[in-house]
Every structure is written in C-alpha cells, then in structure tokens.
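Next up: the structures, one after another.
In the two assemblies presented below, chain A is common to both, partnered first by chain B and then by chain C.
Up next, the complex of A and B:
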C-alpha cells in the first residue's frame, strides 16, 4: 500500500498542533500543499529533475525514529567549541526550537533572529510575506510546507549588519521519525549577514528543509550549509533566493553525511547588477547518494554568477550534479561561469555532472564545463618522488582537490570548520590535521 | 656508486632508452646532454621510479641495491632526488605541509627523529634564505602561481632539505633567465659534497658554466654516444647536435644489423 494516504492523514492529525494553526492564510497554504503532495506523490525517475534520484522507495517505506543518537547538548557543545564566543546560535532538536540550547547574544538593533513558531505569533504578517507557497514546488517541498513544525525567522532591517555568523543548528535526536523545517531570511536593503545551517546527529529517518532568502537592494547574504547527518538519514532540501537590484547572495553547500541527500538550490536575479556565488562540495562513500540540482535565473541585465561544484565519490556511491543557468532575453551583459568537477575514488563510484545553459539574450559571457576524473598521476608521482607514501599522497591530493571549494568561504572560522569536516570525512584525515 | 647497465625503457610500447650504460662515482657530477627526444627526461623519470615507463631490459645498481626494484617513494627515502623539469602545482596543499611531510618521511626511513613544527620551521627558514626564497612561499600552495624561477628554487630547496645521496636534475635550467639560473646553480653547488653524486641533465651548455661537471655524456637515440670532459659540452655548443644525431643513427643501424 502506498504511504501517500498515510502522510495525508498524518498531516490532518498534526495540523492543529503545528505552529500558526490559527492563521487562516497558513491553514490554506498547508491544505493546498498537502493536496499537491498527494497529487504528485514522491518523485520518481520518470521526472526529468529526479532521473538519478528516485524517491519511489519512500512510497513503500514506513519511517521509524532512530534508536540511538547522542544527546543534543553534546552535539552542540562540539559544534560551538569550533566557533567564536560572540556568534549567535539558534538550535532546533527534532524539528522544534530548543530555547534552552540557543544563545542569540547581542543582536544589533533592527536584527531579529528567532524561531519561526514564535514569529508566527509575534509578527504573522512579516512571516506571511516571506513564507512562500508550494504552488510550483517539487512534492517533497510541498510536504515540507504542509508539515513544517519550526525553523528560523531572520529579519535584517535596512542597513543592518550581523558581524558574527548566525548559526542555525538542526540536531536529530531520537524523538522523531520525520522532521520538516522552514527557514525564512528577509534581508532589507543594504543589510548584511552570514547564516550557517548545520545539520547534524542521528537525525530523523526523513528530514525536509526549505530555506528561503529574500535579498533586497544591495543586501549581501551568505548562506553556508554544512550537512553531516548520520549515514541512514534521508535529507531533502531546498534553498531558494530572490535578489533585488545589486544584491549579493552566496550559497555554499558542503554535503558529507546522509544516506541520500538532495539539494535544490536556486536564485533569481529580479533586479539589475546582481551577483551570486554557488559553491559546493560533496563527499559520498559506501552506497550513499548525493544530488545537487541548481538553478540560477538571470532575469535582469548585468548579473554575474559563479558556480563551482566539486565531488568526491567513493565506494559504490553516486554523486549527481545538474546545474541550470537561464539567461532571459532581457538579461544583457550577463557574465556566468559554471563548473563541476568530480573525482572518482573507486572503480564502482559513479558521478553524473550535467551543466545546462539556456541563453535568450545576445550580449552575454557564459562558460561552463564538467569533468569526471581520477587523481592526477603527475601530482601523485611528484609527491611519491619526495618520499611520501602512495596512500598519503592520494589522500593529500583528494583533500587538496576538495579544499579548493572550502577556500571560497569568506568567513575564517566557518572555513576552518569546513576543512575540519572534510578531514574527518576522509580516510587518513587524522594525519593531515596540520592542513587545517 | 651508481651503475646503469644496458638500460632499455619504453613508454606506451615505444622504446626510448635502448641500451644505456653509465657509471657515476660518489661525489661526482655528471652532465647528460642531448637533443630533444634523445631520452634525457626518460632517464630521469626511470631513475626516480615513474610507473608509466616500462623497463624492458638492463639493470641499475645503486651501492649494492637494485634500484629498479624499489617503488618511487622508497627510492626517495633511500636518498634519490629528482629535481623536476616541470614541478607540479598542487593547489590546496601548503608548501610547508608538503616539505615537512617529505622531510619527515625521509627522516623516519633513516632512523632519525621526526621534526616537530618548531624545529622544522627553523630548518626550512634557514634553507630558504640560502636559496633566496621569501618566507611567504611556505604558506602558499605547492608551486601554485610560482614563476619558473620560483619553482626551480623550490626544487633546490627540497633537495637541500632532503639531503640526497644521488640528485638528478632534469633540465633545471629550462625557462630560467640568467639571474635565476645563477641562483639555482649556486644552490646546487652549495650541495656538492664527496657523499653526494649528481646527474645534471641539460639541453644547453650554459648551465655547465655555473655547475662545472666532472664528466659530460651525450645521449642520442636512447644511448650514450660520447663521453668526455667539460670540453665536450663546449664542442656541442659550437657545433650543435647535428653530428651527434648522425652518429646515433649510425650506431642504432649498426646495432640493428647485429641483432
């Protein structure tokens, strides 16, 4: 029997306990969303965007909460030790805000950062404007809207800047079989912030996350996602941004964990002179699977986009990248570069890299490229010729290939954390500690 | 003492070295000259242990060790050093990490204590000063964005740190202007010692103005066709490689006729 009906029934049961249940607009959007999910069902390989990542198996599978996970406070303490005292932390355990674990410190005047569940009470109109709908969403993200139990709501007033990063930590404990989180980041004109999403821990069997970013004129928002969930988790995530004139948005996606991780990342240049950086790294081994689908929509002139993805694919694992860039007829003098390079670390590993450019304007500079390859023999020999053993040399070159992505993260402590995660996910990482 | 006997090597089924004989005594500096395609770089790579070359015949005895039986990393640890013609760029690995990993791999092999971070820095900074490298090159990625001269200096720095018994310099002069050439040559000369042999591979005579060899050999068609003193290099400078090529072809034809 299909589980779709169970999800619909489940949503009906949970709906009255979800945050904002009393808000008519939200109830309506949730009802529409679950209807859309029921209508579409789980995406299968028959859908173009899910050709390599079918979720049909979810149709037959009952989800169970994980039997064991370290205490959330333990996971958090390890994380916080890597960062400055002054950083801001919003922590969510099993899909719910955990105020006791959260420390937002001194936020500048005009900056709000708190739980979505609270913002639905204190500022429902602002949430409504940023919440989004599921009208065009793939079904997992419609399910997210229908069931989201919490997330972060961040508002940066005009001209405000958050100097220390805001960390959103999502910890999976043992309490839930599925979690659905929605983060809303609203950046008014000329505001600036770095927001880091950490996904850690035992984790629900199935987790969906939608993060929406609205960057007003000349705002500068950097989003970093560090996904290090346990090896049995299914992680389905969407990051969607909209940029007004002159706005800058960077998305860094580092994906190390989960059995199956899917990231749909997109931005739209709604004004002239926007700039974006899509920067990503994935490492999969065993029988794990990671998929990044990205979309950069140059809708207006003078936009610049840079996209660099790298993958390390080991064991029987599979890495998928599909990057689409659309340059609208009106988007003259667009400057776009896209690259995806994969390193296959075993004979059975598989990588698919598909760049896709759709250009309707005539005065543009666009370049793209994708590679799937092995470790460079010249570099390997160079290291061996200096006495470094073959295993260490391979590990070093693998690290170096991947670290180039991490070096693009501007914030030093976040970059260091990224390098640490990479080293801990690689074989032989311990003896390369000094590379951090 | 290095004894190369009747060395034959091929790449992708194409024979490059065809019966090369060479003996290099302890503390001697031998120059190997030859036209493009004569097998100079192949000799360097085969000695250093590059897997893509297949040794089809012959032997290399190095102080009683069968050199060809060792993998590249073990040759390096045992004291063989190849200064690359084209040093490889390795973005993402700092020169400091690379140099320390290399030095400690060699020290471990020789039963010496590994350097800790402080000792290593003191040592490497002293050696960098000697080859005229700025300290910032420690913190940059290995060879990334280095100019030709900086790359070659980095090779000489590695040679100084690894203290080899046998150094093979593969066209260390290529792509260098005269000032860079002098600095690199000084670095090499500083490392000359009775315990250290060197094979200096070069296309041009000018490097040998600064690194004065004990012997000069001319390589053609995968074998040594002439050996002599320094004056042989000057002769080549004056007359070019044309006459050597003719000799080499004649020799190859003769050996073909014999077999």
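Up next, the complex of A and C:
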C-alpha cells in the first residue's frame, strides 16, 4: 500500500474525532480535501512549483522514529523568558490546544483569541467564513485541511488593536505523531495586531501548518514566523492573506530548523492601495533543505509591495527561493520591488533562486534582483587589517548580511528574539553576542 | 500632453505592413502532407543521404513518437496537427540543383533581391557570403571559392553530408541530441536542409557568413538544421535572417542550431528574425519553435548569441551555451518585440561547468498592443565550476495597457565561489520622455522610435553594422499600430 492510501485510511479513521466533526460543511470540505490529496499525491519535481523540492520520498518512506523530544514546559519557559510579561500566549502541544500552558491575559474588548477547536463550537459560522477550502491547494495543504486537529482562531473587531504581540507556540513534544494545524486570523476594518508563530520540537515527524489572514479595509496585520524545529522534522507551511482596500500585511519568515521546510507565502490585493512587506531569512546546513515560494498578486491599482529574502546555505544543504509577482491588467500604478540574496558558505551547498515577474499592466514600476555569491573579499580584508582573525571576520560579515532582514521587524522584543536565534544558529555566535 | 493625443500619435506610428509578405510563384517539388517513416525515407532518398543518416532520422522519429509537446511556455495556441504539414518542399529546377548563381531561378533571385539579401554582386559589396534557404532547401551559396582558399567549408547541410560526411557524422547531434526535446526530435527526423560551417584550426573567417531563410510554399513547415564548428583558435561571425509570406493559416518552423567551439575558438551568431507575425487579429503567422545551443567545448572558447526577434506569431526559443571549457565565455544579447497578438517566450540557458567561466545575459523585451513577452532563463553553476561569474539584466518596456511582460529566471548555484547576479526592471515609455522630445520639435512617432531604439541600443551594438540598421528599421515597422 502506498503511503497515499495509508493517509486516506488514516483520515477516514480519524475524521470522527477531529474537531467540528458534527458540522456538515466541514465534513464536506474535509472529504473534498482528502479526495484532492489522494488525486494529486505528494508533489514531485515534475511539478513546476516543486521543481527544486520534491516530496516524492514521502510516498516511499514511513516517517522515522522520534529522535528528540523536548519537554513542553521547558521549551515554553525558555521562550517566554525572551518576551514581555504582558504578551498573549496560545500554546499547542502535538497539534492540540494546551489551555494549561496558555496565558492570554487581558484582551481588549472586541478581540478574541483562542483555539480553533473551541471556536468551532462557540462560533461555527465565523469559522466557516474564514476556514477556506482545498479547491486550489497544493496537495500537502489539502491534507492539512482534511486532517487539521487544531490551531488558533483570532478575531479582531473593527478598530481594535492588540498592543502586545500574540504568540502562537506549536510544540512537537512526543515527536511521535504527525501534526496538522490551521490558524485563522480575521481582522476587521482598522484593526491592528502582531502575531508570532513559534515552531519548536517536532522530532522526526511530518507537520503541516496553514495560516489564513483576512485583512479588511485599512487593517494592519504583521505575521512573524520563527521556525526552529528539530533537525529531523518535515515542515510544510502555507500562509495566505487577502487584503481589502488600504490594508497592510507583513510576513516575516525566519527559518532555522527542520530537515525539510517549505513555506508557501502569498497575498492578494483585493482592494486599491494595499501594501505588503515580505521579509525572510533562512539558514540551513548539514543535509537540510529549505524552500520559500512567495506570491504577491497585485489585482487592484495603487498597490505597493516590498520583498526581501536572504539565505545562508552551508554544508550539504540546499536553499530555494521562488518569488512571483503578478500585476493584473487592472493594477495600474503598482510599485513592486523584490530581492533575493544568497550566501553560499560551503563547497557542497546549493542555492536556487527564481524571481519572477508577470505583468499585464503598463503603468507600473517593477524591479527584481537576485544574487548568489560569497563574502566580499574587500570587506574581509578591511576587518583583517584591523586585527580580526579570518574566521571571526567571516562570521561577523555573515551575521551582518543576515541581520539586515531581522532589522525590518518592527516589534523590538520580536526583533531581539530573531537576533538571538540567528546568533545561536551561527558558528561563533556566542562570541558575537558578547560584542553586543 | 493628454492621453488621447499620445495614443493617436503612437497609433499613427504603428500603421505599417509586413513588407516581406509577398509570395513567389515557383514550381516546387513537394512530398504529400503528413509524417510517417515513409515520408522520412522519401526525404532522405530525395536528398541521396547515406544510410547512417537515415537511421539517425528514424531513431529520432521513433523517439519523437513517445514524446508530448511541451506546455510550460507562457504561450497559448491550438494544438498543432503534425499530419497536416508538408515536410519537404523544394523549388523545382531542371537539373539536380543549381551549380552556380547563373543557374538559380531568376524569379527566386528577384525574391531575395526584394528581401534585400545581398546575393550576387551585392554580396561582394557588402562583403557577406550568403547561403539562402528557400522553403526547405539551400539554393545558393556565394563566395564559396574564396572561403575554400582558407580551408573554410560553408555550404548547405545536404552538400556537407555528401562532401564532408565524416565531419557531419562526428559533430551532428552532439550539442542538441536527437531526443533533446519535442521539436528538436521532430527536426532531427525531418530536417531538410540548413547551413554547415567548418572553420579549421587557427583560421579567422575573413567575412561575415550569412544564411537567409524563407518559407514560401503553402502548408509547409521549415525544419532547417545548422551546424557550425570552429576548431582551435578559429573564429567566425554568422548571421541569420528569416521571412515568410502572409498567410491566414499558421506555419511551423522548428529549427535546430548547433555550435561547437574548441580551444580558443570564437563563434558569434546573430539572428534577425522577421517571420510573418500574423495580422492584427492574430490570424496566421509562423510558429517559431527553435532549439539553439552552443557548446564551448574548449578552454578559453567564446560563444555569443545576438538575436532581434520581431516576427512570428509565437516564438519559443532559448539559445543556450554550455560552458564546458575552462575560462570559456558565453553571451546572450536579445531584443524581442511583440505587437498585436504576438507571443514570445524566449531567453537563454547558461550552464557553467568549467572553471572561471563567465556569462552575460542582456535581454530587452518590448510588448505592445496585446502582445505577450516572456523572458525565461536558467543560470546553472555546477559543483566543479569554480570562479563562475554571471551577470543578467532583463528589461521590459510596455506600450499600451493590454500587453503583458513576464520574467521567469532560474538560478541554480552549487559552488561557493560563484557570483551570480540577476536584475530586472519593467516600465513604460514615460509621458515626460515623450513630452521632452516633442517639445524639441520631434514628432511623437519619431520620439517613440527613438526611445525604443535607445532602450535596445546595448543589444544593437552587438550586431554587425548592416544588420543593426535593418534591426532598427524592423523595430519601427513592427511597432506600427500598437496603440490607439
């Protein structure tokens, strides 16, 4: 039996225990989704969007036994120590909401933040509207819909603002079960929030995460993703946003962990004058693989998009970036900039970049650029001339290259956490930290 | 200046017809429509080919049968009926073929004259040796004797098969294997003629070599094959031009060009492609599905592609360079213009395999009317390509709000010492630029032409002079009617 059949059987078995099993609309969407997954199978490099990241191996190989399992409370304590007291925390362990570990504190009136499994009971209509379907999804995200066991449901009423960030922490504790999480963020007009997703642990399991953001008129949503899963984990994630007139959406993706991490990040400008920032950093070594596929769809006029990705690729690892910007015929006066820069740090590393522009309007300003290279010899010489040894100079320059991405994160505590993650992932990080 | 005035001016600028759209009435020798092993045997027999070449064709055909047409390109067209094409059409002549220019059908010579091909004495003045391919066969090759004195072979492909079989057999299909892709396989099975160039060791070709392709007969496809070999230290500059009459139905052109450069050799290949693009409503026109690839086999070799693509209903073409030799260099300079309903999906591949290999890609796309223009490129640095360097720049110019411009580059780097840079911009002709020119008494049409030519200047300067002039004129003509 291929693993596809095994997954379908697994879903059929598990369906009745999944949250919202009694809701007909959800049962129907789950059934459609698993059918789509069975139909498509795992994506292979023959598919254009998966040319550099084939998941065909998932069809042959059962997932390995857990390698490492952090204690959830321990992982959480370290995390929380890095942030302000007043932050809001929703914690999920092995794909289920853990109310004991979660602290949401005082949420302003009109702001709801809780588990999806609960919202399916208390506000099924609101969930239905935001849930999405698997009709156009790539197969891993169809599987996500069919199997999602929990996630966060956030609703910001008109004009509300969350001053402290909302942290969504996903801990793979036992490392024995696959996890499928779905987060829904609904931001009504003029609302504002920063949502930080942390992914830790995971052992050697497969995890899928879909985060959907609906930003109504003039809403401002910042999404930060800090992915630091175990080196054996497989992490497949989609972040999809839709922006109404004048809405702002920022996606920051810092990817340090997992054996294979794939992020599909996309937004659509459904109204005039939208603005977006896609900002990303990845660091991979060993035999690991990281892939970011982004899509910014300028469907309406006067949109502005900025996209900056940087990659550090070391060891035998492979870093992939594919960014597409589509400017529809109607989207006049669009202003789009996209950049992807990669540092190759070893002889066996590989970096692939596909910066793509697809333009159907004429009154636009679009530019993109991509580079793959190494540390500038002149800069290295400059530092060495000042008595800094080669290794340390290299580390400093690598850090400086990567830190530019982190500096774009507006929230100070989150930015600091990002810096800390970068330093701990780089060789010589402790020495550099001492300099700060 | 208000918008309607600008549009009117642009519109007026764009009212010009396809000047090469005439048809020459000649007696032709054609095989019936359709493709089968018998057709291939007939083509091969008519051309009196040796058995190994027939086997080669048949093998390619059998492989082709197992393949499906590629659908990934950003172009849209109804499926091609490969049984509805005439695969071989040759101008009939009383003897087996013309022995000299005097024997060439005068009607045919007039055609080339109309096209401005400098055959005959005009060739001498222009200093260009021309091999003209009319429908499927090569009709005349000028300057043979003079080239022969240098040991250079420049002749039609069929002639090369007869006169230099060892060379053809040694190199044919070594850069573009018969099963490389759908259209290359088709070409390998049915190719009818083309040019063959061999520059021996240490020889610098004393003149520009040139081929002119023309599709004349109805329902025919043209499948030419060009093979250029430059031995150690040799160098050559080769030009290629193409036209076709205006017809309502689409015609297929699936060529293969192979370039081989040994140590220190240099090949410069320039194309001005002006196949019939179809009318304003997208009716008719040539499907130009071409495989062009150069192999920098030797150390310090250099292959340079320059193309000006203004014609064809659909263009599907990626002249590439395999940088195998250490310190070899590959260049790609391109101007692609689409107007009306033309679609172009073009670009290049640079495969860095040797050490210290360098490549430059410069692509200028112009979309007007409802045209669609795509740059698709690949830069690959393999694990052994130490010190590889690539610089890519793709710029798109949009004229009118119904056109499309896409950029799909792929970068794959597997060596840390590589430096790969890609930059792209998209913009339109600015109102202020137009205003500035018109304020100085330059008409709107001339201003647009000036701006477009300025946009393409970096590529045009790579073309041999007479071609650069032609390319500039073509660009002006092709832009007619793009707005308004």
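Operating definition for what follows: the second predicted complex is superposed on the first by the 423 of 436 C-alpha atoms of A that agree within 3 Å, B and C clash if a C-alpha of one lies under 4 Å from a C-alpha of the other, contacts with A are read in each partner's own complex, and residues count from 1 in each chain.
The definition used in the following text is that a contact is a pair of C-beta atoms (placed from the backbone, for glycine too) under 8 Å apart; a residue touches a chain by one contact, two chains touch by 3 or more.
This one's a predicted model, so the numbers in the text were calculated from it and none came from an experiment.
When both complexes are superposed on chain A, chain B and chain C sit side by side without a clash.
Using the contact criterion defined above for the overlaid structures, shared-chain residue A:390 touches chain B, although it does not reach chain C. By the touch criterion defined above, A:434 reaches chain B but does not reach chain C. Note on the composite model: angle chain B-chain A-chain C, taken at the C-alpha centres, equals 70°, rounded to the nearest 10. When the two structures are aligned on the shared chain, A:382 is found in touch with chain B, with no touch to chain C. Residue contacts after overlaying the shared chain place A:401 against chain B, while chain C stays out of touching range. With both complexes superposed, C is the one of chain B and chain C in contact with more chain A residues.
In the overlay built on the shared chain, the residue A:46 is in contact with neither chain B nor chain C. In this overlay, which is a superposition and not a single complex, chain B and chain C have their closest Cα atoms 13 Å apart. Those residues of chain C lying in contact with chain A across their complex are 72, 381, 383, 396, 398-428. On the chain A side of its complex with chain B, the touching residues are 376-379, 381-390, 392-393, 396-397, 399-404, 407, 432, 434-435. On chain B, the positions that touch chain A within their shared complex are 48-52, 71-73, 75-77, 82, 84, 87-88, 90-94, 97-98, 100-102, 105-106, 109, 117, 141, 158, 162. Within the complex formed with chain C, the chain A residues making contact are 48, 52, 329, 332, 342, 344-374.
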